[in-house]
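The structure follows.
To keep things simple, chains are lettered A, B and C as they appear, and every chain counts its residues starting from 1.
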Amino acid sequence: MSRAPEVIVVGGGVIGCAVTYELARRSVPVLLLDQSLPGRATSASAGGLWPLGEAVGLGCGVIYHAARTAADPAGNGKTHGPAPLPDAFRDFLVRSNALFPDLAAELRELAGLDVEFAPGAGLLFVIESEAERAFVEDVARSLPPALRLEVLTAEAVARLEPALRRDVAGGALLLGEYQVNPMLLAEGFKRAAIRLGASFRPNVRVTGLRRQGNRIAGVEAGGEFLPCGAVVNAAGSWAGRLAATAGLELPVFPVRGQIVLTETLPPTLKACLSTSACYLLQKAHGEVLIGSTTEHSGFDVSVTPEAIRSLCLGAVRAVPRLREVRVKRAWAGLRPGTPDELPILGPVAGLDGYFNATGGFRTGIVAAPLTGRVVAQWVRGESLCYPGEAFLMDRFRASVPV
Amino acid sequence: MTPPSSASRNAPGTEGRPVCWHFDGEELRAVEGQTVAAALLAAGRRTWRTTGRRGEPRGLFCGMGVCFDCLVRIDGRPNCRACQTPVANGMRVETQHGSGSGEGPA
Amino acid sequence: MIRRRLVIVGAGPAGLSAAIAAAEAGLDPMVIDENPRIGGQIYRQPPPALPPEGGPPLSSAARRGVDLLHRFHQLRARITVLTETGAWGLFPPRRLAVHATRGWDTIEAEQLILAPGAYEYVPPFPGWTLPGVMTPGAAQLMAKTMHVRPGQRVVVAGTGPFLLVVAEQLHRAGLAVLAVVETVRAVEAVAALPRLLGHLGLLGEGLGYLYRLRRAKIPILRGQVVTEARGDGEVREVVIAPCDRDWRPDSSRRRTVMADTLCVGYGFVPRTQLAQLAGCRMRFADELGGWVPEVDEDLETSVPGLRVAGDGGGVAGALVAQEEGTLAGLAAAHHLGRLDAAAFARARKPVLRRLRRLRRFRAGLDALSRVRGGLSALATAETIVCRCEELTRAEVETGLTFGGTDIRTLKVMTRLGMGPCQGCMCWPAAARWIAARTGRSSAEVGPLSVRPPLTPVSLGDLAREPGFADGPAAEVAP
């Protein structure tokens, strides 16, 4: 573009691309800058869209919790599952999830791309003990009527998923939990945005924000200063470092997750399966994806043999026929984590020209459509289609001791 | 010029120990020490796989285990590299169609 | 977990030489190799049940192999050998993950030498996926080691002296070798002679092959390239055309040869996956076959304690591999305190001298056989360029047009390189062609990222506790 863009979005992961798309739809001149760094969450993600599952602790958080509990068996009256996320976030995720069917069609048309949105059989949490059943029943009772999970008997589970081992206690089925190809989703947002007039520059590392008093005037990238009206920080695990260049304490940090992928199989799993040792989902191409770990190991994106073993063990226990199946790839990604596991979105009090769009942690993919929209509305000064106050960065300032 | 060796294509020499194995139900003879790929070639077969996407025939390509073209079903297990697997008595080898898990030709 | 002072991956000329040098210096190295017997590709030992035929005396290359194996066996008591053991991962700092039929384990090494060798380069061309098309190495293995003829009427094509070796071996095995088709023109080969005179022994061997092929009346067509393999379900005919200095075919002058087998190879590509997994800094060296790890004079990579020797660090043939292996073994012994500085300097001097001389010879040869741009013109829009995922050139082109300068994006959009071979077959050619098309250098395009496991391991196997139940087992047959 010949003039300075109104908005520069830093980070071409799924969130950055979604924001760029929503801005482009509003005819805002926007420039997306991306440097694809090892471990970027969008590329590494499994692509499970589990708004309810993650919100109530039946998704991939349950694995981490199980591992922590195993390491500390004297639970002392702790609940049997991970702490659920606030209802406000649960509802945000459910709203965002509901946007997918239309979005998939929209992107197919605008971007000419199929994001492999698969409304399959939902998310099936496998109940392996009475304690887990009790937890599931608590969760079921706490849900509003519009959101339901179905508690299934062992027989019903066996009928639904014949490949699952038989000796389970039952299952909790969350319909409406789907999957998508996260990289194609990001690519779809990006191409659609470009089609609507957005600009995109790949292989550009934004090294800093230029702060002039109480305003962010633009970004430093590749030795160049790029001025703009507003910057959206969608830099994922690197967002904290970027914000620090403007003196902001943005508490985003990398949380490593390792994943194992099998060779291509004929249709084996219908639902996405969630157990306390791993989750499993069969992707469009037939490969089964098994995840994940939750590790605080900085920006290290190596995989470890221990984690690979642990995921394989969990997988063959859950689905015995995977024993003879080969591992095709193992990799690790960095989730952008925050202290309260909620995203950090929107403006920062006292600072103009700057918006956060990060901290997606486990739910970045499913949250992307609504996040893109809400952040774009913030940037434009439009009224928000969803209350976003709970996600402002200022919530952390309040708790910082003086 | 030295005469051509007795290495034969369709009938392995009698110098090695015979191995009885099956390919797509047919009983065949190989020589101990040969890989499945070699045994297939010795039996006059150069195709033992059809690909998943286009249903095209494949056989031996690199011979050293890096190309993953020579995949075949061995004793019910798909995706075995024929060039890396020694043939054994009683082994049941079958043409691999697609991902090889028994769903028929692509 | 197994802990060792020195571990060597690969039991070919480089790996064996490294083990010999280290053992002679008083170390107890561990050598692992995925094959059933040591020797690698170049000095491949036949299975015990298929002894080699009696017949003409061994070639010089084969004699070198026998000598090396003999020296290795004399030191056998100091060396632990794990055969049929594949390295599927390499974790920081030098922790190998290995897999064998009896389980898997990790091996932590104080000094690690990677000697994984190389594989053959075949750029895509129409019909290259037809059964009956294979690498020269595959045909050699079948004929020489397995005593099986891979076909009846064969064309041996590509570039490099290996074609002559294979053509002769296939002829001795009873195939009708219709022609050797070599892209380098006679005038260029002659012009390179002065540099090749630097090593008369090797030059003599090469001339010997030429002589024997001439005696067998096998035509060697120079300045020609195979442009297509045709047939219904397998190869029935091969199309050959003259090519220019850049190896670009002139299809208007093509002709067809009735053949059922096509052995095609244009040199070798180093197997760098383990080095990449370890995080070694890589550089692009076309004359060495592509991407290679950066190494210092003692073959240490950017990862301390990790060395690369032989074709796996850059393709230069068996003699260079042996010298590099020796150098790496000596350096490792020095770093582990078995050779003081003076002894190390003394031992390494003649090795470096021999390497310099060999490399001069190789430079002459490699300049001739270095991959040239014209080969990128062989694939048409409809040619499969990714064998695993069955992608055509047109499909990958489409992926490129979408601002696909990001290779990761290209992979995701097209699935190029996402099959089991992890880009081994497609990437060397695709990278050259993408570089040319997007106006970048091959160095800028970069190697394809690699992920463990490098060899197929089942979930059931990996779910087991690591540890070989009976301890690291030694090789049964030497």
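In the analysis below, a contact is a pair of C-beta atoms (placed from the backbone, for glycine too) under 8 Å apart; a residue touches a chain by one contact, two chains touch by 3 or more.
Bear in mind that the values here come from a model prediction, so they are computed numbers and not experimental data.
Among the other chains, B has the CA centre that is most remote from the centre of chain A. By count of C-beta pairs in contact, A-C exceeds the other of the chain pairs A-C and A-B.
Taking the mean of each chain's C-alpha atoms, the chain closest to the overall C-alpha centroid is C.
One finds 23 Å separating the Cα centroids of chain B and chain C. The mean-CA centres of chain A and chain C are about 41 angstrom from one another, to the nearest whole unit.
One simple way to say how far apart two chains are is to compare their mean CA positions; for chain A and chain B this gives 45 Å.
Shown for chain B are the residues in touch with two or more other chains, namely 52, 79. In chain C, the residues touching two or more other chains are 420, 456. For chain A, the set of residues touching two or more other chains reads 263, 324, 326.
Taken in their complex, chain A has these residues touching chain C: 36, 43, 181, 183-184, 187, 191, 194, 200, 202-203, 260, 262-263, 285, 302-305, 308-309, 312-313, 315-317, 322-331.
Listed in rising order, the residues of chain C touching chain B in the complex are 34, 36, 41, 46-51, 53, 55-56, 119-120, 129-135, 137-139, 141-143, 146-152, 171-174, 212, 215-216, 233-234, 271, 387-390, 419-421, 424-425, 455-456. Residues of chain A that touch chain B in their complex: 263-266, 286, 324, 326. On the side of chain B, the complex with chain A involves touching residues 52, 77, 79, 99, 101-103. Note for the complex: chain B touches chain C at residues 1-2, 4-9, 12-13, 15-17, 31-35, 37-38, 41-42, 46-47, 51-54, 56-69, 79, 81, 83, 86.
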